[in-house]
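Pasting the structures here.
What follows is chain A paired twice: with chain B in the first complex and chain C in the second.
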Partner chain A sequence: MIKEGTSRKWELWAFLAPALVVVVIFYVVPLILTVYTSFTPIRNWNIQRYATKWIGLYNYQKLFHAIANDPSVRAVFLTTAVFVGCTLLVNVLGGLILALLTFFVGKRTNSVASTIWLLPRMSPIAVYGLVWYYFFHGSGIGTLNSLFLKLGLIDKPIAWGQAFIPYGPWSVIIFVNGLVGVSFGMIVLSSAIKSIPSEFVIAARVDGATDWQICKRILIPQIKWHIMYVTTWQLLSLLTSYAHTYLLVSWRLVNKTYGTPWALYVYDLAFTGVFDQGLAAAAGTLLVLVGGLLGFMTLRILGFGKLMVEPRGDI
Partner chain B sequence: MSLSDVEVRSKARQTFYSIILIALSVPVLMAFSVLVLSSFANQMVTNFDFSKVKFTLRNWQLLFQGRIAITGGLRENIFLYLLNTAVVAFGVAIVTTLVGTLSGYAISRIKFKGRKFILLMMLMLHALPGSILIVGVYFLYRLWMPTNLNALKYFSFFYVIVARAALEIPLSVWLMKGFFDLLPWEIEWSALVDGASRLKTWAKIMMPLIKPGVVAILIFGFLAGWQDIIYVRTFLIDKTLATFIESNLEAEMAYMPLLAAAATLYLLPTIFFYISSQQLLFKVYAGGIRR
Partner chain C sequence: MRRLLFVVLLLTAVLLFASVEDSIVQVGRTLEKNGIKEVRYAVWGSGDPNSVLRVLGIVEAARRINDIWAKNKINVKVIIRETRYELDFTQMYQEFLSKQPLGTAGDFLVNSYVYIAPLAEEGYLLDLTPYLEKHKELLEDFFASHIEVAKYKGKIYGLPQDTEARPFYIRKDIAAKVGLDLQGLDQKVLKGEFTWFDVYEWAKKTVQLGASQWGLIHRRGTAHPDLMQFILVFGSKLYDPADGKLVFDKEAIYKWLTIEWVFAREKLLPSDMMAWDWAKQVHPAIVDGKTLFDIGGTWYWTEWQTKDYYTDPKTGQMRGLKPEEVEQWFYYTLFPVGEPGKKPVTLSQPFMWMVSSKAGAQNPKYSALKSTYDELAFLIAAKASDPEINAIHSIISAHLPVGKASAALLANKEWLDKLYNLELDLDPSVKEKIAGIVKATVNPINAKFLSDVSYMLEHTNFPPIHPMYAKLAAIFAEVVDQVLRGQMDPAKAIDYAIGKINADLDLKASVKIINEIPKDWRFPAK
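The block that comes next holds the complex of A and B.
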């Protein structure tokens, strides 16, 4: 028979311990350390010298002062808002359009298109960065420049990420990050569309509905929850991810001031250039607060608690 | 029943939509293609100007010889970078899968206090990636860092693997829980009633049954480790293909077609795994949401 009591408890721990250890070491402790660092003047990772010095809210004051007065930090703030908003729009609308299109085409075309659109998400970040580095390159080898030169729209190459500030760098980072996220919406939404009972569509067809009416009246209302899911999830992901933007800035493809969203700003403060970890931690803590709040709201809105199936039976 | 729009629509319409879809997809494919093509040319073909281009294998030769420029004596060991990248990727794959399958099983099959809390926590951590805590993660790295240089090298590998895997673990737990949810209870019950322990049941009965899920997570973890640049450049002492490309593009002497060859080499395993397990990966990248 099934053993009761201590051995069962021990087994449960064996299953859960690895995950809990990872969560504690790489989420809980770093969170505490980040918040702690934000109250210290740690610079150049000189922990021994600065970690025990407590400077209260100085880093936060410095940060808010910089947001209010330093144009370059204000630019980062503005860039974050524009970047997150516009990329989110590209992600959700792009994903929705692609998902709807794949619904109306044959299986072959569908699978080819999905394959291509997942490529940005899967490929190594350095390779993906390199691809768009050459695409937007400021010289004649840049794809966009050569295209525009051939069409006669421009008469000499333009460094797209450095010109037309702030719209140039903004467009480049939104484009590059937008393509990464589109596949997420596309996959989630097209699998949601596939699970709609086909009677709905057949009935609409018989009644003579056009494709557009089918999209608007049947498909989109049926996948509302999924659109919501994609939107909130992407919002969080855009707010907190910086890997794809990092290379564009570090390779000077885009203007540093108007190409740096908040998450990258945190990374830059701590690991490149200034090496002011105290300030970076303060900026990071702010991001965690905003992100945590949004994450909490997301889970409430989407009602994830309801999704969980209770284990069956009494073991 | 899966739905595809097979009803009374015209062939012309379908072709029209297909053309739009392909037209939207082509630019992405083109951008990747010209990079790959450039790796076989004596200059970048990203501007579609083929008039002076000669196709050659010279870049690949130079790359494998470890010469990052046509002239100059600087040598880099590309095989070592390839190996380092693979070590990180395999490490992340194994850690992600092991932790995911263990906890996924417990959350799916065992009733215990705090189960709902753990699952919600995993979702929350998945929604809010740990990469924003990187200052704290690096702080911890500094505190634990061994002083011996040789030990530091191994430590940095170990740390980057677990730290990078930690980013994917919430999703992998959630996904594996979903895979376990789909399995019937009867087989497991019979094993438990016959006196097998939970761990034994997990290893001998459940794991073989969810092989596709395990493979999906393994590949997903591998790709996550393989594509990474931020964690690798922050924690790892040694170079990987990502940091090789990053640092050489900044260098003045960068010979661009050679970097294109390095990038193509770096892209190959991704393409291989992707093509071999596309359907499985779709499930993973969708975030395991079924509703």
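The block that comes next holds the complex of A and C.
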């Protein structure tokens, strides 16, 4: 006869196993491989030749030497901090504002607006990138320049992503990536708002509450866990995102030094120049460590512990 | 006399290739004995739109081998299963690099010789030395300098496919407007009497008089290889064979960057030049007469004829230039010296037929027959180097021939007429694919152009074959862009570049920094 505790354990593992397998295969194994690669001289995709060669901390020595001495690597650090910080703010606040606005407007307007905001996420990255490439293009063919020239606001075209260093390139990459992330926040937070029982809002209206008071006292407190989720998720996504930025930099729309966040720097090390994949793995490992630390800090600051406390059972 | 010379050269070529034919027959018999009926290969090539023979040459070579086998009643066929041709040769190299270890890259790669170093270093290329020792006659037709650059650590990893010069183009109609006398200017450049100080003065005058929008246009994207000529015309070099190190000459690079800085600040050269689009901005600006000078390449000559870069003022439509228009509008010289006393240059980046070390891996009994598949791949590359294939490529893409026999063919009017009428013995699929380009480019004007610029090869230089060169070239591209945009002055750019070199431990060990920024050097002089 199987004991009750043992049976419960098996049930638990049976439920967890599929998710655990996915996590191990797609998250843990790549992480281990990345860390392992960082201790090898793998380059030019030559795994067969270099995968078993152990060079100790040499890649980390090269990386920290570059961080200490290469001004453009230091610029990458600064750009990453500004890019992640500002884009996160745009993503979360923008998503929250849109979610609240769509709550207060009519259903039809709501769905049209939601679809428009989803376009950046729905468009293929290259197409979306191309739209902003021509919008911010530094010559007269750029939409923004053309518009400003016609309005007489400027007398010659401005290379927005290459001028006003570092603010020009930072603004462009934050703007372009910000728009993509806003839709994510909007969807999650809109759904969260919709799940709030309408009685709360109706009762508040009967009591004479304004829209702002409803937002501040009812909606936002009720969706704080969702805001925490969006914030943490977007923070980690932004730390590792590089696709849109890669296109803008490689098309030279944006200054390379101040348009390269850490994730793109890792990509550049691995897949351009001399394809130093060992060094890229070291830079990637550093990113994982920073990401893990920031994720942990965010969850602590936003009170993840409280979310996980078992309900007391009283209503 | 010319006809006699042609016949002699052709006969010599036929005799020379006899032993290659023997090997082809031998390989065919080995394959037949092992029950192989078909051998499949893929070729990956890249470059300008007219250089399609970089892949079709392999198709034609396969047909020639099939003909030899058929003649000898050998029941085996070579099939080129994939011909992939793309414009961006760096991207093609990167893809080859990523797929070769998996055995899914092309069996042949036609690309710049500079990639031989990293590819050979990793063991991704077939060492052709043993085959060329067996067929020494093949090497005799190639210009020796081009075989030298196919070597890495003493071994040959490629057969030259083409080469080129990088003429300094001058727009004749604009020069006439501003009074620049082009009569004998190529000789003045050759003697070092027309320097970059003169280029600046004329560019400035042209823009001031409104004769053209820009004084100078050059390549976009990378500094390699065109802009490296600046380092050479200030009397320096990029590589020191004595210690095998790359060279960063502060003095020469400072002078180069100063020219870029001055030209961009005075609006003689676009400050966002490095971000320009080839098809939408660079070529249209040149063919529409928006610049007096252009740092270009020989292949521009026919590319302007086959691509619609020119906006016809009469119709407002974009079209290719007629050969007569190209001849009428463009003058060409070597890359002028940086300052008196130095030598003018041009720069070549020969493309090579390279064979993957896993060539034929997707064929049956690969492990047992690897050496046969390798040899067959070499023989296909050798046949693709037939003078006729090389000569066709040269005339239709305005690249220079890599062998003496193909150079002789280009001077043969009878052969050119046959090519124009597509009466040469070529694979029908190849004929069909090059028909349009042949009609647009095979003419006496283009043949004369190739003949006229061939002297430039006597003054040519090659970028270094060094595994770390790509990193150094990327730093150059970055600083040129920043200097042009005015984000760094030349002195700061030198410090920045040195900072980047020293910050990369591998690069630091591969580069030696020489000389100092000159204190008494001024550009412009007044």
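Some notes on this structure:
Just so we're on the same page, the second predicted complex is superposed on the first by the 249 of 315 C-alpha atoms of A that agree within 3 Å, B and C clash if a C-alpha of one lies under 4 Å from a C-alpha of the other, contacts with A are read in each partner's own complex, and residues count from 1 in each chain.
Going forward, a residue touches a chain if its C-beta (ideal position, glycine included) is under 8 Å from a C-beta of that chain, and two chains touch if they have at least 3 such contacts.
Computed from a predicted model, the values in this text were never measured in an experiment.
Contacts of A:Trp233 after superposition on the shared chain: chain B is touched, whereas chain C is not.
If you count the residues of chain A touched by chain B and by chain C, you find the higher number for B. Contacts of A:Ile165 after superposition: chain C is touched, whereas chain B is not reached. Of the two partner chains placed by superposition, only chain C is touched by A:Asn44; chain B is not. In the superposition on chain A, A:His65 makes contact with chain C only, while chain B stays out of contact range. Applying the stated contact rule after C-alpha superposition, one finds that A:Trp251 touches each of chain B and chain C. Once the two complexes are overlaid on the shared chain, A:Phe271 sits against chain B and chain C alike.
In the superposition on chain A, A:Gly138 contacts chain C only, with no contact to chain B.
By the touch criterion stated above, A:Leu179 is placed in contact with chain B alone, chain C being left untouched.
Of the two partner chains placed by the overlay, neither chain B nor chain C lies in contact with A:Gln222.
Note: residues 45, 47, 251, 271 of chain A belong to the chain B contact set and to the chain C contact set alike, using the contact criterion stated above.
Of all the residues in chain B, the ones that touch chain A in their complex are 1-5, 7-9, 13-14, 17-18, 20-22, 24-25, 28-29, 31-32, 34-35, 38, 43-44, 46-49, 98-100, 102-103, 105-106, 108-112, 116, 118-125, 127-140, 142-143, 162-163, 165-166, 169, 173, 181, 185, 189, 192-193, 195, 197-199, 202, 223, 226-230, 234, 241-242, 245-246, 249-250, 256, 259-260, 263, 266-267, 270, 274-275, 278, 281-282, 285-287, 289, 291.
Chain A contributes residues 44-49, 61-62, 65-66, 68-73, 138-139, 159, 162, 165, 251-253, 255-257, 271-276 to its touches with chain C in the complex. Here chain C touches chain A in the complex through residues 94, 97-98, 100-101, 118, 121-124, 221, 271-272, 274-275, 467-468, 470-471, 474, 478, 481, 485, 487, 496, 499-500, 502-506, going by the rule given at the top.
Those residues of chain A lying in contact with chain B across their complex are 1-3, 7-8, 11-12, 14-16, 18-19, 22-23, 25-27, 29-34, 37, 45, 47, 98, 101-107, 109, 111-127, 130-135, 137, 140-143, 145-147, 179, 183-184, 187-188, 191-198, 201-202, 205-206, 211, 225-226, 229, 233, 236-237, 240-243, 246-247, 250-251, 263, 266-267, 270-271, 277, 280-281, 284, 287-288, 291-292, 295-296, 298-299, 304-305, 307-315.
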